[in-house]
Amino acid sequence: MSRKSTAFVTVDFENPGKQSGFIHIPHSPHEDAWGTTRIPIAVVKNGDGPTAIIQGGNHGDEYEGPIVLGEMARELDPTRVQGRVILLPAINIAAVEAGRRTSPVDGLNMNRTFPGDPAGSITQQTSAFVNDVIFPLGDAFLDLHSGGSSLDILPSGIIEPAPDPEHHKRNAAAVLAFDAPLTVVVDNLGERRTSTAASVAAGLTTVGTEMGGGGTVSLEALKICRRGAQNVLSHLGILERSETQPERTEGRDRPVLTIPGPPGYVFASANGVFEGYHPLGTEVRAGQEAGRVHHLGDPFRPPETLRYGANGILYGRRQPGRVVTGNCCLVVATPYEGELP
Amino acid sequence: MSRKSTAFVTVDFENPGKQSGFIHIPHSPHEDAWGTTRIPIAVVKNGDGPTAIIQGGNHGDEYEGPIVLGEMARELDPTRVQGRVILLPAINIAAVEAGRRTSPVDGLNMNRTFPGDPAGSITQQTSAFVNDVIFPLGDAFLDLHSGGSSLDILPSGIIEPAPDPEHHKRNAAAVLAFDAPLTVVVDNLGERRTSTAASVAAGLTTVGTEMGGGGTVSLEALKICRRGAQNVLSHLGILERSETQPERTEGRDRPVLTIPGPPGYVFASANGVFEGYHPLGTEVRAGQEAGRVHHLGDPFRPPETLRYGANGILYGRRQPGRVVTGNCCLVVATPYEGELP
Amino acid sequence: MSRKSTAFVTVDFENPGKQSGFIHIPHSPHEDAWGTTRIPIAVVKNGDGPTAIIQGGNHGDEYEGPIVLGEMARELDPTRVQGRVILLPAINIAAVEAGRRTSPVDGLNMNRTFPGDPAGSITQQTSAFVNDVIFPLGDAFLDLHSGGSSLDILPSGIIEPAPDPEHHKRNAAAVLAFDAPLTVVVDNLGERRTSTAASVAAGLTTVGTEMGGGGTVSLEALKICRRGAQNVLSHLGILERSETQPERTEGRDRPVLTIPGPPGYVFASANGVFEGYHPLGTEVRAGQEAGRVHHLGDPFRPPETLRYGANGILYGRRQPGRVVTGNCCLVVATPYEGELP
Amino acid sequence: MSRKSTAFVTVDFENPGKQSGFIHIPHSPHEDAWGTTRIPIAVVKNGDGPTAIIQGGNHGDEYEGPIVLGEMARELDPTRVQGRVILLPAINIAAVEAGRRTSPVDGLNMNRTFPGDPAGSITQQTSAFVNDVIFPLGDAFLDLHSGGSSLDILPSGIIEPAPDPEHHKRNAAAVLAFDAPLTVVVDNLGERRTSTAASVAAGLTTVGTEMGGGGTVSLEALKICRRGAQNVLSHLGILERSETQPERTEGRDRPVLTIPGPPGYVFASANGVFEGYHPLGTEVRAGQEAGRVHHLGDPFRPPETLRYGANGILYGRRQPGRVVTGNCCLVVATPYEGELP
Amino acid sequence: MSRKSTAFVTVDFENPGKQSGFIHIPHSPHEDAWGTTRIPIAVVKNGDGPTAIIQGGNHGDEYEGPIVLGEMARELDPTRVQGRVILLPAINIAAVEAGRRTSPVDGLNMNRTFPGDPAGSITQQTSAFVNDVIFPLGDAFLDLHSGGSSLDILPSGIIEPAPDPEHHKRNAAAVLAFDAPLTVVVDNLGERRTSTAASVAAGLTTVGTEMGGGGTVSLEALKICRRGAQNVLSHLGILERSETQPERTEGRDRPVLTIPGPPGYVFASANGVFEGYHPLGTEVRAGQEAGRVHHLGDPFRPPETLRYGANGILYGRRQPGRVVTGNCCLVVATPYEGELP
Amino acid sequence: MSRKSTAFVTVDFENPGKQSGFIHIPHSPHEDAWGTTRIPIAVVKNGDGPTAIIQGGNHGDEYEGPIVLGEMARELDPTRVQGRVILLPAINIAAVEAGRRTSPVDGLNMNRTFPGDPAGSITQQTSAFVNDVIFPLGDAFLDLHSGGSSLDILPSGIIEPAPDPEHHKRNAAAVLAFDAPLTVVVDNLGERRTSTAASVAAGLTTVGTEMGGGGTVSLEALKICRRGAQNVLSHLGILERSETQPERTEGRDRPVLTIPGPPGYVFASANGVFEGYHPLGTEVRAGQEAGRVHHLGDPFRPPETLRYGANGILYGRRQPGRVVTGNCCLVVATPYEGELP
């Protein structure tokens, strides 16, 4: 079937200067027969140079990206730009408005819907618009994520692996330029439905991030995110370094890690409340006690002990105490052994 | 995949006389393992002549169509018919029973599901049945819509554009025969998933309507709808004009309008309560103040003003005061410049 | 139990000039352990004179009152006031934010909770605050209602009957001063849990209204409401008539009606869709056919006819076509025979 | 699109002995960004022989299968096995945990999702895993169903028809070996999205069951199910008959029935409460009164009588009294006339 | 506070003959500002004699009572009556329409709301109407219950204990006259909020029942219920025995049991699926294994065994397999040792 | 009305040694007609001495209390006790099982229901049981709270003010003995419906706590809580200090703070996402910028700045980024000036 869409947009991607507007995706639920889902977009264009697409709000409960992109949309001076910056501060708008990872409209996790479907539900139509209309305009794609409501993660730049080694190095260089305290290669067990996987498939230089989480706004993560977005634009040659922009440390001597597949995850083995034994950043080893699941409603029944499945450092932990079987309680990351730029 | 369906029907489309029965679509939710979704259908057949399919209840909160088709199902005298009339008074039965635009079973807007999927959810199976089984039986298709819960629309016949000019004129002639106070060419920004778009794709002479709305039953719209359905059947040569059928005015000198794409819509720019400034039918111009969105919970904050985006007449307005960003508040229609029969 | 409350307010009722602020009612749900429900309030005080309390948003889907009171809160010039005006533009704030008659927080209809309970749920605490803290400050109370989502009502001033004849006349005089096209004595079958009943019990001069409805914002009702609120303040001697304030017609020769108890209501006798036969304002008589309930899902079953139970004029009608058994479809009002000022 | 999946499994299908573990299907909802849906699996392998896959919990409110497979997972002695038994005691784990026919996660009936979709929702991913990963490992598939919450069914073995006559006989022989009191050929009106239809499509010897129901755990059905699962394994040559295993009656002289298409079902003709007139097993004939639908809220309206549409024995009846239009109230089965082994 | 109500009724309790009508309780939710909750009532009056009140639908998923009372409302010949019969076939109308034990409107179990509250929610207003308006009209009260969705109970007449020994014997005599296969004294652990407790408090001769259950309509329970209602009316001298009325066995030699307080109940000790070991009517003893709770999602964990807490016969069992901690799985009844008439 | 309850308990408060059991509160919802809500309780009694009641799970998303009390219930050696310890590790059991502040059964915040109502909903019945049955058994009451899902709070002991100065000092001494890093006097704006207010009203020595929060399990808070509970028991003379019990620092030189009424709270002024500017423990002053509310869906609109209302230290902050108007974003505590022991 054709991927023709009924969506329209109120900015002109070829106009110079700064424009603020909206992507409108017609949406016809009970409450609004002829209305649209309205997604904010800003385009800043000046001179010649590459196009960077920066996206926030793919998950609606990861706040640092949308906050930083809103600041850029309000404050970025077009004369500092060489090329084009396309800002999508709240791409999954219904999830952002709700403060939820997933869209309250169709229940979907946008980051499991790429390349989308223009005849599908709203989230599928949105990812189709990004994939079909926005990606072809760009040279690079920066997708700003945080840990969200359920995870607390060490702030880090994320390398989405590319099958082509040159492409992979290009991605890694851009992520290292972001200059997060940590860099992690994450392939989500091979998941192809994420926006970064789709961006890689489209050939764009691709940068991901994971910043704090716990469903809150982290002061530290905000700072990393603000600086990192500017760092990547500078790396791409789009943005002159401003005086107020802190020195980029290039991250060259910072650790690069990866998640060693299934053994990297500690999953809840029962419904209950999880008590983890170690703070983030702790070095742990496979087989070590990691925490326990308490049966609070039946306190006379002893808790169940969980153990790590890999050696490494504790990279992420579940924020909510309440768990159900299968929930990810802890994530361990190990040194990345692949090639880097 | 094959489009074979497990649905079955309790009428015989080839039998003469009047039959009342049901389309059964097997449905297996928690509450009913081996039951069906039961959709009413009536077939009235006599002599030789074309087949008209008349559908109501595509949206479950648009009542005039289902009421008029129920009357026809109970009262239409088969001896007045030359050809065949297939009546589907409540095609989206779960939505009709709930008085909702969309199906409470799968959340879908039936008019965004064509051509349907016989292996999909109930609404998708229903539109597949209409598309695969009913449309091939017909020469003409009349889909009776009203404004629904969210919109109040000037009663009008709707021309679904056909790519083939002859087909387009055939459609327009049938819509003008319906003889609504107004005729509007509506392409829904190019939407292909509606039943009228699918009917056009299937080659049928196609007539749409929009009648009143606000989620209520309009006395005036009922009258237009009753007369219009008979007018179309007469136009097709299926129905002799009855004595009680009012003179058809042919609508030839009535205005034909169209919606000028995105500028024809005024969308809410914030969550709040919308106060529109003009009644339906008012002539308006682009840039004019159209209304404002009030922040009722924070009354010390001034309301936001919305403006029209096109010249024309005010064709539709939102019924519920409550709006969220992106909701369609107002619709402007402009004179149609295309060819007509 | 003591009626001591933990609520607090950020305005000082004794300060001269105009103040905007909030009533805070501590509220401790899952999402917000130590927060409050924040209700807007404005106080305009100048010179000596009586205190009028004007309330809107008792029901959250009746928009004209909140819109007009927001305008007054933003625009009312304190130097025009002699006495005090206390404005509560959105008293049932959670319902107003949701556009619902009833509170989404506790499901209660605020107008069935007076005199409230300071140890109860949020709506009960709110009505207790109005009853215990606000009413003792006032001489008169104006409660601005519209028909809401379910009813379309002829715009009218409402007299809440007072057991004391002098109080009753005082109420009636103030309602007539409001100068709505129609005045109706409504006792809600003796209901004592409304805010106007509580205001009467507290001895205040009490004015109610019903304005349009259908869940929409009515241009006509807005005008009546704007003018009426000013008329009542003038009648009380609090507000000088402004030049822009239209001539008050005093309503003396306008009809005063009442609802004749149970026979005044036509209730749905089945689940279905109601088609009413007459527009508002029609004169009707007991026993006459009033409309019918259609079984849209089973169109081969004939509809059920409903009949009026009283002579009078058609004063209100249900907006949504969809009905369930017991729903109020129509309301008939008859001439009021009691004494008037 | 490729059917590559991100799922992983913690057992090794080639290892001898008994292993207990889990299929993990990555699932990323709001509550758990990086977790999995965890589905129990046991593999018992010994010596040489065919592989049987036994599944329970396809519907989450059919308890006998999961109970019996849990017993087998805990108690089956690997040394009694010749070949391999793959046990999936709770394949639709979210539905099993909820005691619902359909998954509370995505609302889908797993038995209408085959062959599944590895890029779809959780239920679609699960059926894709069964279809793509598990079926290719097997020679035979036994899917243990009961009547569930909505139906009470005479305990029976179910033959899923195969287009190839040899395959059909192979299936029938295995079902008869299960040795239920009754054997029924059920094609679900040609439904291809069930696990047994997919198993047949994959060439496996396929056995279905229906056991009691009413949402309860039946002592009798448990016994039939326990013995039947062992009987099928013995029939396949995988399991030696144990001393405690009761004599298999082979079911050769037991009746084999089928459901005669649409006339075999009695559907509710109205919303209400269904009173059936006959107990299961009664011989009935087409046209006979089968029961009636009561209008309990309007008791002065007479109930509606339903009639049987086919001759045969009463094979199933609806458990909940409450019905909505289209619900399956009764099922009649007739003698099967096809060939049997 | 006064117990004055706004409810009204469309029958006249003093008129002779048979009247069908409704109790209307004004109800003002979002969907229906001025409507009512409509509860069916029938009054059959003739000659002189006592007044019996018969109620069904106190719980909306116990169907035999409402079915039998609907039959009586349609078929009872007034000339057979000496005195008055007030029939309330569906007192908790919203629960009856929903087929739920509790009201979907306010979530309340009507049988935990007596003596009700005329200023409370709908269920509280309904029980207040029964308590304040209906009970004072009566001499005897028969409340027809079944096991409902969650319990399967041996059909039995229920004696609600009265503190006054004469009253107690009067109740017991009437219950024995009902002539159920079993009679049980049930005090619900001293619960005073049931309708039968309120009826006893009001001095009425009081008869309760428990009939089958499992959320279904039982043919056997219907027969017992039909006959029992007539038996009680005959016992009270209101109804002549009809020719078609079967011989009353007086129940004199039938067992009278009671529930021995907390030890009579077996409660689930964990979330899971309950497998009971014995059919209803089995003789059991304290300490004996009663069944087990299975962990279907974690089948490698052994199930938990539950044991009986009292000697007696198995009187009730949970219908749904799914249990959560604290659910009543089994009920044991022991011989009643109190005095009987 | 009498406060007689139908609840029963399976431990004997007078037995020596350690008992584990349950409070059963009969509960009769749709899903379970004759079951109970089962609340764990442990009683440890030895020798002579006072009775301490320790409660956790008043709010179901505050995990440290329930975890520590479960440990005590499993591990406390009765021979170490002089007197009696009554442990209620999960008093609001339904909320604990759900990980929610409020009960999912009746929506109530248990800590706004005291002194409860034995004829009310489950939460009201539970608080009535604590108030009427448990409190009279005790000399001291320790209620273990944490910040919960919505707040992150500096771990602290809480003094509930008592009107009697001696009682107040007794409370303060016990709280200081708990030995949290911080001690705060909290009167919740005068709220009387908390369990600690009810405990004070009952004359018990009363200790509250607030520990961490954010809906997670805090390692640090767990340690403080474990030690504190033992410290209080030692302070009361019930528990010998164990060798493993760390030295009590007595907290005498630790700061004692209080919340200075409404100015201590910073409330959200709009719906949006809150970015706070300072970490917990920061010294702040009235008028200082505290943070801002971002409009993420409309990023071109500038955020709103919030300011502190009091001088002091930042004591608590909202965890979730998402706020709605009125949410508590920040809490400031100031030095307590009242008398201390």
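By letter and in written order, the chains are A, B, C, D, E and F; residue numbering begins at 1 in each of them.
Heads up, the rule we're going with is that a contact is a pair of C-beta atoms (placed from the backbone, for glycine too) under 8 Å apart; a residue touches a chain by one contact, two chains touch by 3 or more.
This is a predicted model, so every value here is computed, not measured.
Colleague: Quick one: which chains contact chain D and chain F both?
Modeller: Touches both chain D and chain F: A, B, C, E.
Colleague: Would you kindly give the rotation angle relating chain B to chain D, two copies of one sequence, based on a CA superposition and rounded to a multiple of 5 degrees?
Modeller: 120
Colleague: Weigh B-F against A-F on C-beta contact pairs and write down the one with more.
Modeller: Counting C-beta pairs in contact, A-F comes out ahead.
Colleague: Which whole number of Å gives the spacing of the CA centres of chain E and chain F?
Modeller: Here chain E and chain F have centroids separated by 42 Å.
Colleague: CA centre of chain C versus CA centre of chain D: separation in Å?
Modeller: Comparing mean C-alpha positions, chain D is 58 Å from chain C.
Colleague: Hey, how far is the Cα centre of chain A from the one of chain C, in Å?
Modeller: 49
Colleague: Scan chain C for residues touching two or more other chains and write them down.
Modeller: Within chain C, the residues that touch at least two other chains are 61, 149, 297-298, 318, 320, 325.
Colleague: Got a list of which chains touch which?
Modeller: Applying the touch rule to all chain pairs gives A-B, A-D, A-E, A-F, B-C, B-D, B-F, C-D, C-E, C-F, D-E, E-F.
Colleague: Would you mind writing out the residues of chain F in touch with chain A in their complex?
Modeller: 20, 40, 42, 57, 61, 63, 66-67, 69-70, 73-74, 89-90, 93, 96-99, 149, 152, 214-217, 219, 222, 273-277, 279, 294-300, 302-303, 318-322
Colleague: In the complex of these two chains, what residues of chain C are touching chain E?
Modeller: These residues of chain C touch chain E: 59, 61, 100-102, 107, 109, 111-112, 147-151, 188-193, 261-262, 265, 267-268, 316, 318, 320, 324-328, 331.
Colleague: Can you tell me which positions in chain A touch chain E when the two form their complex?
Modeller: Chain A residues touching chain E: 270-271, 297-298, 325.
Colleague: In their complex, what parts of chain E are in touch with chain C?
Modeller: So the residues of chain E in touch with chain C come to 4, 6, 8, 10, 24, 26-38, 106, 119.
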